[in-house]
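As structure tokens, here come the structures.
Next come two complexes built around subunit A: one with subunit B, the other with subunit C.
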Partner chain A sequence: MEVTFKVYRKDPEKDGKPGRSNYTIDIPEDATVLDGLLKIRDEIDSTLAFRASCLRGYCGDCLVRVSGRARLSCVAKVTAFTQKAPEISLDPLRIVPVIKDLVFDWDAFMWNKIRAVQPWLEPKEPASDGENLIPDAAMKDLRKVMSCYYCGMCDEGCTVLPVDFNFLGPAALTKAYRFAFDPRGKETRERLKILEEPKGIWDCVHCYEADEHCPRGIEPTKRIIALRDLAFKLGITNEKVARHHKSFAASVKESGWLDEGRLAIESEGLTNIKGLMKLLPIAARAMARGKAPIPYLHPKRPGADKIKKIFEKGEQETK
Partner chain B sequence: MQEFDVLVIGGGASGLRAAIAAKHAGAKVALITKIHPLRTNSGLAQGGLNAPLGKGDSPESFAEDTLLAGDGLCDRDVVRTFAAEASKEIIWLERMGVPFNRNGEGRIDLRPFGSNSKSRTCYTDDRTGHIVLQVLHEQAQRAEIPSLEEWFVTSLVADGNSCAGAIALSLRSGKLDSFSARAVILATGGFTRLYLPSTVSLGTTGDGQSLAYSAGARLMDMEMTQFHPTVFPRNPALLITEAALSEGAVMVNQKGEPIRLAKGLSREKICLSIHNAMQNGGGSVSLDLRPIGKDKLLSRFPQTHELVRGLAGLDITKEPIPIRPVAHRSVGGIETNATGETSLPGLFAVGECACNGLNGAGRLAGNTLTEAVVFGRKVGDAAAKYAKTASKKSFPSAKLSDEEKAITALVSGSSSGGDSSGKIHADLGRLMSEKVGLIREQAGLQEALDRIHRLKQRYRALRVRNTSRIYNYELTTYLELGSMLTLAEIVAQAALGRTESRGAHQRADFPQKDDRNWRNHTLVSLVQEEPRWDQKPVAG
Partner chain C sequence: MKYAFYPGCVSRGGCPELYPSAVKVSAKLDIELEELKDVGCTGAGVLPQYLSDPINARTFAKAEAMGLPIMTICSTCQGVMSQANYRLKADPEYRTKINKEYLSEEGLEYKGTTEVKHLLWVLFEDYGIERLKSLLRKPLKGLRVSPFYGCYIRRPPEAITPTKELNRRKNYLDELIEILGAELADISGKGKCCGFPILTANEENSLAMVGKHTGEAKEKGADFMVTPCPLCHLNLDGNQPRAEAQEGKEIGLPILHLPQFLGLALGFDPGEMNLKRHIVSTQPVESKVSMLT
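Let's look at the complex of A and B:
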């Protein structure tokens, strides 16, 4: 069958401006996108740059956007994209620095971020000569996370990264989960301190796009939330969003409803003079319109005691 | 020029393990690799890695099975060392974080696999290579080993009679640079892309074997390439782990009749059974995984389920999958001793690119990854020790400008009359599968040699049209094809020379094993631009 591949082009040795090349090729019905790309490079245009390695969906190296959707070109069948017209478009991911054509900067996109979470186990001192004795259930969860082939589709789907490229992103944070929840490792607290820094776990907006995009069903958002819970459990709650969560819960628990003034102050931090000063103009304007609640002078709502009991029950259960 | 004690070329399991060991031994180490370590061919290994950890198992029994699979060409001392050290190395991997499947006691579960006489294969579902590779990469980062990724090594550099380093091309910058090292470890993997179809990744093109050969090191038993029996034969082929057979899958012929296999058959024998069934019945053979049971298929073979469905459009829980033997792993490679020393001082080799006498004429299923970690550690240690005592070598600086000129001459930008690396490779791959494949015979091998010569002529007339240096994959593909053509001729010549059938080398015209004449290794090295053939008797 004849299909036209419309491919994004960029040549850093020329003007570096993006363009597009169209190649019409004859390929078998069951051809993958990578089959087509390899044919183009070999027979029509040897300057076309794209990556590939395992050829069969094990490794993640050949991630591109096929007609707008992030796919591994080695397992994406061309016919899945040609129902309307015999053509497909190929582009690099939306948010990555492109080096040449479909070759983008994996270091900036993912590897450097993974490196930043100290991606290795610091093993505990072994109890005996043999292997650690661990139930398979604990290992099964790690195997699921480690089925990740670093394709980056979760980062491509993430809604924070297009706004803030320095966010560690779901791939790196999922990698961090793998160590934080490995019973054989010893330094969870230190790693969580890294993760709670700005651009870490608290910058996730839990839109669940990463879970939708992950081809392996690893559910990166769920992993990020698990890391947050663990951070709370270990009392690592210095980050603004963590303080926000804590204050929110405390005020609802105590009075049955949200003390907004208190939330603003405690989110900034009681000793954060600079942050608190910034609140003053907002507080003044709100006060002028009669909308500023006085922090901590916050009457209980009817039924607040019942709400408190719900909190206590929940706290008991998580213990 | 960058300077190191130990330069490891290749970022797969063997290279990472060697780099970690050399670093722990106090050497200044760097890893240089043409693709990111997590994208290497090690990640494709599925079934597991062997260690005699089970009750009632022993290093002796493990060694015995390895020797049987090697069919009389193994070095006994190397096998014994390997079997004795395997468990320690697997325990190390476990402690560093491999989430092995566990049994009811919380110990590493052991699966029956291939022709192992005991259950001794440790595994992580059907993604063992992928996960072991991750843990090794993690520990390499923990050891702060610099990793030069997307650097393509174009040549090894010798100072007199010893290896002094390498010259490599950065895909990203397009620039050549030189790397001086007291010891160089080749861990570049196999050369199975000589065959099409094959089960390996795009870059498994024998770069290391070719670099070593060009630098004067000896290659050994290059006629031995293992075929894998249970492969869905599209191109690229899709391997279904042999663990499926051990766990209850059955092979059936075109009529749906089961093909009976004796228990504990080697890969080579299973391949021959399939081949015979296809010849006799004139039809196809399928693997029926349904007897394993749907639940177990989904929990133990999740990757196989996903990929067969995606690429073949078939569901392993519902229907049999067509299979045939497909070229899988190089058994021959760069001749080394147990600590990875090649015939060229200062040059070491480990893993699939090496041939240290462990695998003989055929590799036991589940030994590849164990080999990578056991010998990765030993060779890393040995190279670090060598680097400590070796005097500083002088790196001939003219080499870099020579290499620059050679590359510039290749990249001419002129058209080559419609021929291309891809076309030559397609012809080579088909030729190797047909004439130097599972079953060989004299006339076919001679024809293969003639045709390889013609392919080499086409190759010599070929020029690289892409004049850009940045991510010039036409250039790297061209260089890889050069390696493959060099090795193809050696493989065919070695296969022609061995007038017997043994392990992975099966001759239709010499169907018997000939221990009287052929308990010998085939050796070849480049002497004054010509191959010199030799033999050495099997040790032990």
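Let's look at the complex of A and C:
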């Protein structure tokens, strides 16, 4: 079949301006996108730059956007994108610095962030006989996470990264989970402290986009939520978030439901005058429209005492 | 047609216009609501699972005892409850543990049979679109509307879209806009996050998201945006002026709650739907609606 590949081009050694080259090639029905790219480079244009290594969906190196969607080009079939017209477009990811054509900066995209979460084990006890053995069952959950092959599909799908490229992102935070939950590791609290800094776990909007994008079913969002629940349990160190969560939890614990007026004020911190001033115009506008809930006039729900009991029990049990 | 009604805190707290409009619209549609009063907050994704799962199990047990499915009007409540319910249904051991440790003292038990449905799902899955159409008094002809789902009502799949057929849930709002006679002004971020969950942790990113979604809708010529989530509303409406300031552009896009949107097409006047209570002025919507016959 004949298909036209419309490929994003950028050459820093020429003018560095982005453009597009169109190549029409004849490929078999079952060709992958990478088959097409290789054919173009071998037969038509040897200046076309793209990445690939294993050619069979193991290494995650060949991530590109095929007709707008992030895909591993070595496993994506061309025909999946040519239903409407015999053409596909190829672009680098949405959010990364491009080096040349489809080759982008993996350091900025992922490796620097993976390094930032300290992706190594600090064992609690010295290894006996040079090995630190644990029962197989204890690794079951982590083995799933360790099957991550750093393809970056989760980062590409993330809601926050296009808004803030410095967010650590789901791939690195999933790596962090792998070590935070390793039963051999020590000082989980110290690890979490790093993750609780700005641009870390609390910047995630828990939108579950990453889970939808991960080809390995690792569910990065659920890993981030587990890290947050763990931080909640051990005591949150990010000051702003701690204030907000404490106030939220206290409100539900005491009354069964959320007191938003109290939450707004306590989140800013009662001594944070500047922060509170910032709330004033919003509060005034909301008040004028009959919208703002008034804090400390927050009635208890029937059954609030029952909720309180559940709370106390839950807090006890996780101690 | 009867539901155990879980209105959520925001529908009376931060968005007090939502609760009464949902109640009015339900009555008009003949959907009977018995409000769950003696229940707790879902946890809203803020409380950790080890606290929120038992609180939600208690809510499900209460509805189960009433023999009713639960109806929500908040995507966040819906999402958190769907996820908790999924865990409790899929894992009988976990359910037994929660029953034993948290509910038995009160004489409650959750058997795992309660359904939890957002009003949006109720319309399509229980109520029926033909029946809804027969009640429309004021099809919203000529109004352009952008959908905004928010994240919690579209993911994760095992809890929200467990079957192929239910995958359609991801499109209900788009469909509803056309059913109510309006025109769809589609936006790319309709299933993305509104930014509300990180308003405390990273306000700048949160406001950037508000600016992006509302700005895109405006560019697509939307008269307003409709959302099934009051938390999205708090950010998209309540913080729109701040997003405008941060992003250095004027937006001015009215945001309507799902029941308000339904209400207008059912013939309620904007006052009855409390449109005046929003932060971004809904005046342009009101005047367009008043010209409809």
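Please note the rule applied: the second predicted complex is superposed on the first by the 246 of 319 C-alpha atoms of A that agree within 3 Å, B and C clash if a C-alpha of one lies under 4 Å from a C-alpha of the other, contacts with A are read in each partner's own complex, and residues count from 1 in each chain.
Methods note: a residue touches a chain if its C-beta (ideal position, glycine included) is under 8 Å from a C-beta of that chain, and two chains touch if they have at least 3 such contacts.
Predicted model, so just to flag it, every value in this text is computed and none were measured.
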Which holds for A:Ala249: it touches subunit B only (first), subunit C only (second), both, or neither? second
Which superposed partner A:Lys186 touches (first subunit B, second subunit C, both, neither): neither
Between subunit B (first) and subunit C (second), which, if any, makes contact with A:Arg20: first, second, both or neither? neither
Give one of first, second, both or neither to describe whether A:Lys300 is in contact with subunit B, with subunit C, with both, or with none. neither
For A:Arg94, decide between first (touching subunit B), second (touching subunit C), both and neither. neither
Kindly classify A:Tyr149 by the partners it touches after superposition: subunit B alone (first), subunit C alone (second), both, or neither? first
On the A-aligned overlay, A:Pro126 touches which partner chain: subunit B = first, subunit C = second, or both, or neither? first
Looking at A:Glu317, would you say it contacts subunit B, subunit C, both, or neither? Reply first, second, both or neither. second
Hey, what residues of subunit A end up touching subunit B and subunit C alike? none
Write out the stretch or stretches of subunit A touching subunit C in their complex. 159-160, 163-164, 167, 198-199, 202-209, 211-212, 219, 221-222, 225, 228-229, 232-233, 238, 240-241, 243-245, 248-249, 252, 256-261, 267, 282, 285-286, 289-291, 293, 301-304, 306-307, 309-311, 313-315, 317-318
Mind pulling up the subunit B residues that touch subunit A in the complex? 35-36, 38-41, 43-44, 53, 90-91, 94-97, 99-103, 105-109, 124-125, 127, 130-131, 134-135, 138-139, 141-142, 172, 201-203, 234, 236, 238, 302-303, 306-307, 310-311, 420-423, 464-466, 468-474, 477
What does subunit C use to touch subunit A in their complex? 9-10, 13-17, 37-41, 43-51, 54-55, 58, 101-102, 105-106, 151, 155-157, 192-193, 195, 197-198, 200-202, 204-205, 208-209, 212, 238-239, 241-242, 276-279
Any idea which subunit A residues touch subunit B in the complex? 11-13, 30, 32, 38-39, 41-43, 46-47, 49-61, 75, 99-101, 103, 106, 111, 115, 119-123, 126, 129-136, 139-140, 142-143, 146-147, 149-150, 179, 182, 184-185
